[in-house]
Amino acid sequence: MGKDIREDIAWAQINKDVLKSLESPRRMYWVILFIAIAMIGVAVGSEVYQYQTGMGVSNKNNSHVWGLYIATFIFWIGMSHSGTLLSAILHLMHADWRKPIYRFAEAMTTFSLMTAGLFVLVHLGRLWMVYYVMPYPNERWVWPNFQSPLVWDMFAIATYLSSSVLFLYVGMIPDLAICRDNIHAGWRKKLYTVMSLGWEGTDRQWRNFRITYLTIACFLIPLAVSVHSIVASDFAMSNMPGWHVTSFPPYFVAGALYSGCAAIITLFIILRYVFKFEEYMTLPIMKKLVRLTFAIAMVWTYLNLIEFASVWYGHDQTAKDQLIFKATGPYAPFFWAMIFFGSILPLMLAFKRFQTHLPILFIVSILLNVGMWLERWMIIAPSFAHGHYPWTWDHDQWPSLVQWGIVFGSFGWFTLLFMVFCKVFPSVSMYEVKEMVYHRSLALKHKPAVKGDY
Amino acid sequence: MSITNLLENWSDFRQQHPSDERPHREYKWAMSIDLDSCTGCNACSVACYAENNLPVVGKEKFAHGHSHHWIRIERYWDNDGREFADQGAQFLPMLCQHCESAPCETVCPVGATNHTADGLNSQVYNRCVGSRYCNANCPYKARYFNWYDYPTTDNVWPEPMNQQLNPDVTVRGKGVMEKCTFCVQRLTVAKSNARSAGRSVLDGEVQTACQQVCPTGAISFGNLVDPLAKVGKQWMTQQVELNKDKQAKDAEEKAVKLRGYRILEELRTYPSVMYLEQLRESAI
Amino acid sequence: MIENSFNRRGFLKVLGWGGATVALSGCGNTSVEDGKEFVTSYVQTADYIIPSIGTYFNSTCAQCDAGCGIMGRVREGRVLKLEGNPKSSINNGKMCGLGQAGVQAHYNPDRIREPLLRNGDKGEAITWEKALGLINEKVGGVKAENIAFLTGGVSGHVKALLKNYLDALGSGHHYVYEAVAPSIMRAANKKAYGIEMPRLRLDKAKVIVSFGADFLGAWISPVHFSQQYARFRKADNGERGVLVQVESKMTLTGANADRWLAIRPGTEGILALGLINALAAAGLSVPGDVAAVVKEYTTDRVSKDTGVSTEHIGRLAALLKERSPSLVIAGSAAEGYAHGSQNATAIALLNQVLGNVGKTVEAPSSVPFPQMAPATGNRLALQSLNDNVAQDKVKVLFTYGVNPVFTAPASMKLKENLKKVPFKVVFAHYMDETALEADLVLPLNSALEDWATAMPEYVAEGAQLNIQQPLMEKLYPGTLGMGDILLALLKQRRPDEYKGYEDFYSYLRSAMVSNKGALGGLATDDDTFWDATLSHGVVKLAGTPVNMSGSPSAKGLVVPGPFAEDSAYPFHLIPAVSASLRDGRNANEPWLQESPDPLTTIVWDSWVEMHPKTAAKLGIVEGDIVEVASRSGAIKAQAYVFTGIHPDVISVPLGNGHEALGRYAKGIGVNAFKILDSVFDKETGELAMHETRVKVSKAGQRVVIVKDEGPAGGNQMGRKIAVRMSSNKVNLSGEV
Amino acid sequence: MSKRHLLALFNDFDEAVAAIAELRGSNIKGFDIDDMILKSPIEHPEVEEVLGDKPVNVQWFTLVGACMGGLLAFFLVASAQANFFSQIKGGKPIVPLPPDFVLTYEMFILGGVFITILGFLICAGLPAKRSPLYSAKVSEDQIGILVKGDESALVAFKTIFVKHKALEIQEEARK
Amino acid sequence: MSMLSRRQSNCLLGELLTMYCFLRFSILLVGLIVSAGSYAVSAAQPLTTADDLGPKVEQPIEFPHDRHAGDAAKGGMQINCMYCHTYARRSIVAGIPPLQKCIGCHQNIESVRETPRIKKLFEYWEAKKAVPWKKVHDLPDFVRFNHERHIQRFVFAQNKPVQEACGYCHGDVKTMTVARRQKPLSMGWCVSCHQKDHPVDATSTKTTHGPNDCWQCHK
């Protein structure tokens, strides 16, 4: 196996290569941007229609009160966990192969959260009253219900979003200084000058930077775990059969990391292709990433089975019925598709020949995410269709075009944010790649080159 | 919002409910429904439409599960493969059970649904943001969401049908959750009258709309705290206790059984509605 | 209760509340704008009217003919809700859903608001003066025998005025028509007991065997029977009463029975006779001639003919023998055949043999004012009117309270025949199917804004006269009460006699007050009597019980054997009367449309009920659109499959399938009246409603049935939602 | 006595380290070793070592922030619940501890992160004015040593820098 | 903060000292913020509970409250509020008197019989038309405010003067002509009073606060 990165790559070259990605976009960029905006338009149109007419147009009903919005909300929250994984966990582990790819993963975290947040709003029956959820002092002495997992969500997501944005930003300051130093005019210059806060790479800055980055990374890990556990609590804290499962929090966290990693693979391939980042986003890194994904997929599979097993061996007939319903009822095709995409398909990743086969990986990673999206939907829809109360069981719940439209548009929204980010900010961390190169070359100097794989 | 308040009353704030230490003092509204008397005639449901300004949603919306019957009559068959339903059906009026430990209350993000001192599960329409979590967490699925803005929907209350609307009950707009209130507008009036007279509400002084209309008198409603109330006596005779999830009577093996039970009691929601089992003659 | 100086009529006129108080804003973030809304204020008011507190006025429900007392809650001049009048012995403060929907009949947006005269295809609004003048002109131009009045069941002062008007015209014909009425039972009762409508004491019975009488749902006086049923089920009577329902299509009552016996259609009489035989064999004393007649009805044969197992017949006979008194009721399902009278007679015979007459079958009271006694309707009346119309014997036709164009079978060709009548006047609330055929449509006040009295056919105790009084001012100035119209018409004919009465109210008041002695107000002055009458809403009349003959006799009783197979039309059609829609006149009240049918939980539509076996044989599943074709026509509706129906039977509910009436009824469901065959009961000549044979075929489409029950289909999945136990395990007398 | 700045750029990190070591050892008059600033394109703990032991205080901010966030959250949430007209929900105590702990946990983190960032900005002296001498090269691939000293020390600086193969030496203009 | 960036001695004592400083600092800070917040929330007069004069409402007849209810010294007749707003003690609304009540007095007061307002009043009476008074104190439709309970509590149980009891929410109506809203009638304003302890009757020292469950006022 080759090296993660060439040690002899010139630092100036790194700057040049990465800064090149900020240059004026090609025509295709504008086309895709336009498509993304059009997708957002669909969502906005659907939302306006839903807002004016009432939630009924989403084709949910009284026994089936949640739908795609919540499923997609969890999906996006899940996606956001990859950035934390790569930047925080691997940072603490000193896995320096994360360095070329963590920046866009972190951006993905932030933008997924920003997308997820919208779904909470879209989901509300009275969007215009959303501020009631926030704990602001008011003369009525009325507060939100701090017992509600939805309020925990609000707290957790607010914390996560602000922490991730800060983390992304702080980690980017040295790169912003590079941009400032290399771009000499226009709004970009002003932007980078302001945003780089006068960073000059002094020893004092670096010293504090190092400890700050590490500290926030330490905070982010429990935070990320808590965020998705709390999202899992939305379900696990309720008494719905199929939701009230002890293993839900770790299951959700695993699912989140899983979908996040899959999404990183997808974006990795896209960025590598678009920005010609072959030097940085190398196949050996991809290989590590794929192996990580595979491991997480197996963790997820395991937790999934644990969930089924604990239901199956438990005495709760209601939950058991619910599980059987999932596997055999009208949702069975989706359920089995989820099992296939989530547990069977990743087995491919165990084979070396696929680990660096980018076209196949591209498709597989997207399918994995389809599977993970189905997982979320399989938590929502069948549980509502087959709850505690047989009289209100329901099969007739196919989301309306309004719901699909908004879900569809959310991908456009994410794409838009991500594409703008890629053109405004360096999507590869230049200073960290330099560090990586530096440390690798130091290692080479001091030790004899090791043959074979790392 | 003082910390002294928090510290001074800490032990008070930490008490669970319902518990023997924190019983209802004046009122605990409860219901009992005799399934042997219920004939499934639906009069209660229509009365509820009349009393509580429930919208008639029409066929298409009903088909989508957007109906609003705060009290609905469920009809169950013996599904044991017999040729005819020769023991008839089992009818069950299902309404909000006003659980003492209501699963809906804890999950509402804005605290729109709370427990009142009278043991009612209150729903404040104006506070509701429509997250629908309460419905998701309601094991009885007795909550109904305003999927559309019925006051402005065609043929829901066309002029002059809107003149029938009860001014004592809010007309709900789109996006809020609603449910049976035990006709709280009647309870409030009765309590106010009783207070002016310097006494508590007497048994039978206040009736819910469904109880009032029921031709067979299958529904009893009253104050569990009141020792003279019929409903309290019924609960007592049936040995159903509010804050028990396993009734003592069920453990005993006796020749004579008691009929009282509460639905899905094992979920520890402590419903305020007791049902009395339906009976069937064995000699025929 | 009501001040003398401020009588009820004054209340309605002077009240005049200012400003709109109907607020439809609700719970949105309503902007509170001072000075935009009006305060409720009155010109003059009474002490009992307190803003924001409801005042209750008693009246009588007009939603069906049972005559329950109602109590309307009135606030700020609007009637908001109806409750039962506790003073009425019929319903004792209780009500049914149909009655509750009375406010929707009143506030219905589709009510006719002014008199309409036919002008080509359209109705042209005219004044009442012109309308009444036109009637005067038309009735003056024809012979009295060519004038026909078609009404539903009428009673009270309106009936008396109607009779006076007919007399004044020189005796026109009065046809009293009810689309679904227990008229065969009335005849059979008359024969067996000497009275048409004996009082059934369900509460006293220990066993009730009902042959298709849906007394909890739609039969005669359901609210009253439901109350009695509740007592029958309790231990008041010593032990919990046992209800056995024998019918081919499950009714609401059948769904509440301890044992529901699916019987082959039309063989109810056989089962009754078989039971007498089994009881005789078990040692019950049975008169000789009866014993001789029933001797051939051995349990085996009866079981073979009826499809009821010998085991059940035996147990039923034993139960009837053991627990006395019992009550046997013949309902519409037993009588709807060409041999319906024989069935009913056989069932009455069972009652007599069991010695129930005088115990659970009681004599009613005589009615002190026979001119106000209810005129009960039947389908024969429509038949004879139709014959007369077909023979051009009717020149002027008045229709009131019925919708014959909707309820007549297509085979009768009533709609076509009506074209022969030169002048048709319809008194109506809605533009229903009959009103569409009319030349002159006269809009009536709703029951909640009209004065009337009513005397129900079935009274629980003694005799009573129900008062119907306005609960609020008229919604539309262009409507008029039936009493007022009749009074105006009478003034045309007999001005001297009636000129003293300004309107129907003054007529009614003076008629009542002048008879106050007989109405129980002897000792009071006129105003006190009148106010008390209005505040009670009912007047209890002293009636004496009439005599009943009770000796069982089987003279002339021949019950035919079961139906022969008919391969072309293999199924019996049972047009089911639903508790809420009845004969269809209430179909435009949305609460009733949205109130799920108790057994199928279907809303807003019609359906075809069939047994799973039948469905399997025909390859039909739930939701298939099927065509139900009789010799007289065909209808298409969705299929609903359940086990509460005999496999030989197909059932379609009545009441829907309107082509007019209003926004909530039009185009909903199908009209099963239309495909009924012209088969008549041999003795009474009534249309045999259940005699129609049909064939069923798939029409190809499939729909999702709109119903309240979910895909679990009434299965509890072992969740212990509705629990049931055997009655011998419970000590009911220990309960509160 | 006016002081002037001098910036030297190196591309060999070892030489830069050596230069710093020599500066430390040389005891140049009018120059305090604390007035020397190292500028580098990457995080470079090994090189910083030669600057001597400099304390980092961001973690104290973290401690304060996290404690404050957690405590504030707990007290605010609990007193809000206690003052929300004592509305009972779902049979739980009015101040239920498990949910409050969840929120305390979240706010603990939020407080920690926020105050850490604040601490970072304070400790790292950001946002900062540009120092008098700067080269874009230090954000690319060269290491810069910025020294401040008396006029007299400048020559000594230059000597050391040149000795250690400084690529470029910038001198602050005379004031 | 400058001391932080200064190099400090690397001895253990110094570290401990710093830690101690920080801990004290942080506890102080938390205490400060909590108490400041606590004080701010309880002391601040929130916007919607502050006095808030409603708009002038055009009424069909400019009813002079000052003339009817005002102090005798100022030429008023000191009529009890509940003489006209008679429903206040037995209904949830205080109500507007029926026209017959106005006429009941005014038909005997010849002195003002020909004034324009009284003439207007008689016009309504003769036409048997109710006067279309407009609402001055309007609550949202989801609120149930019960006059009866407040009157029973403050006027009858606690023996407060009627004008004071009514005036608490309606302002000093006896000085107005056409009544105008004086208080915000917002939820916060209601709650601010319900939270206070009021004596249960005129003599007792026992106090209670207003009810606090949502359904008491929300419907």
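The letters A, B, C, D and E name the chains in turn, as written, and every chain counts its residues from 1.
To be clear about the criterion, contacts are C-beta pairs under 8 Å (C-beta built on N, C-alpha and C of every residue); 3 or more make two chains touch, one makes a residue touch a chain.
Just so it is clear, the model here is predicted, and its values are computed rather than measured.
Common neighbours of chain B and chain D under the contact definition above: A, E.
Counting hops only between chains that touch, chain C reaches chain D in a minimum of 2. By number of C-beta pairs in contact, the leading pair of chains is B-C. Distance from chain A peaks, on a Cα-centroid basis, for C.
Located most centrally within the structure is B, per distance between chain CA means and the overall CA mean.
Per-chain Cα centroids separate chain C from chain E by 55 Å. Centre-to-centre separation of chain A and chain D, using mean CA positions: 30 Å.
With centres taken as mean Cα positions, chain E sits 34 Å from chain B. Contact with two or more other chains is made by residues 5, 34, 37-38, 41, 90, 140-142, 191, 195, 213-214 of chain E.
Residues of chain C in contact with two or more other chains: 23, 25-27, 29, 52, 704, 709, 715-716, 719, 721. Within chain D, the positions touching two or more other chains are listed as 54, 75-76, 79-81, 83-87, 89-90, 92, 123, 125. Under the contact rule stated at the top, the pairs of chains that touch are A-B, A-C, A-D, A-E, B-C, B-D, B-E, C-E, D-E.
Residues of chain B touching chain A in their complex: 1, 61, 63-67, 72, 74, 94, 103, 105-111, 127-133, 135-137, 139-141, 143-149, 174-177, 264, 267.
Listed in rising order, the residues of chain E touching chain A in the complex are 5, 41, 46-49, 186-189, 191-192, 195. Those residues of chain B that touch chain E in the complex are listed here as 1-3, 114, 116-118, 120, 122, 124-127, 168-171, 181, 184-185, 188, 192, 195-196. On the chain C side of its complex with chain E, the touching residues are 14, 16-19, 23, 25-27, 30, 32-45, 50-53. Residues of chain A that touch chain D in their complex: 10-12, 15, 135, 141-143, 145-147, 151-152, 155-156, 158-159, 162-163, 166-167, 170, 173-174, 177-178, 181-182, 197-212, 215-216, 219-220, 222-223, 226, 230, 233, 431-432, 434-435, 438.
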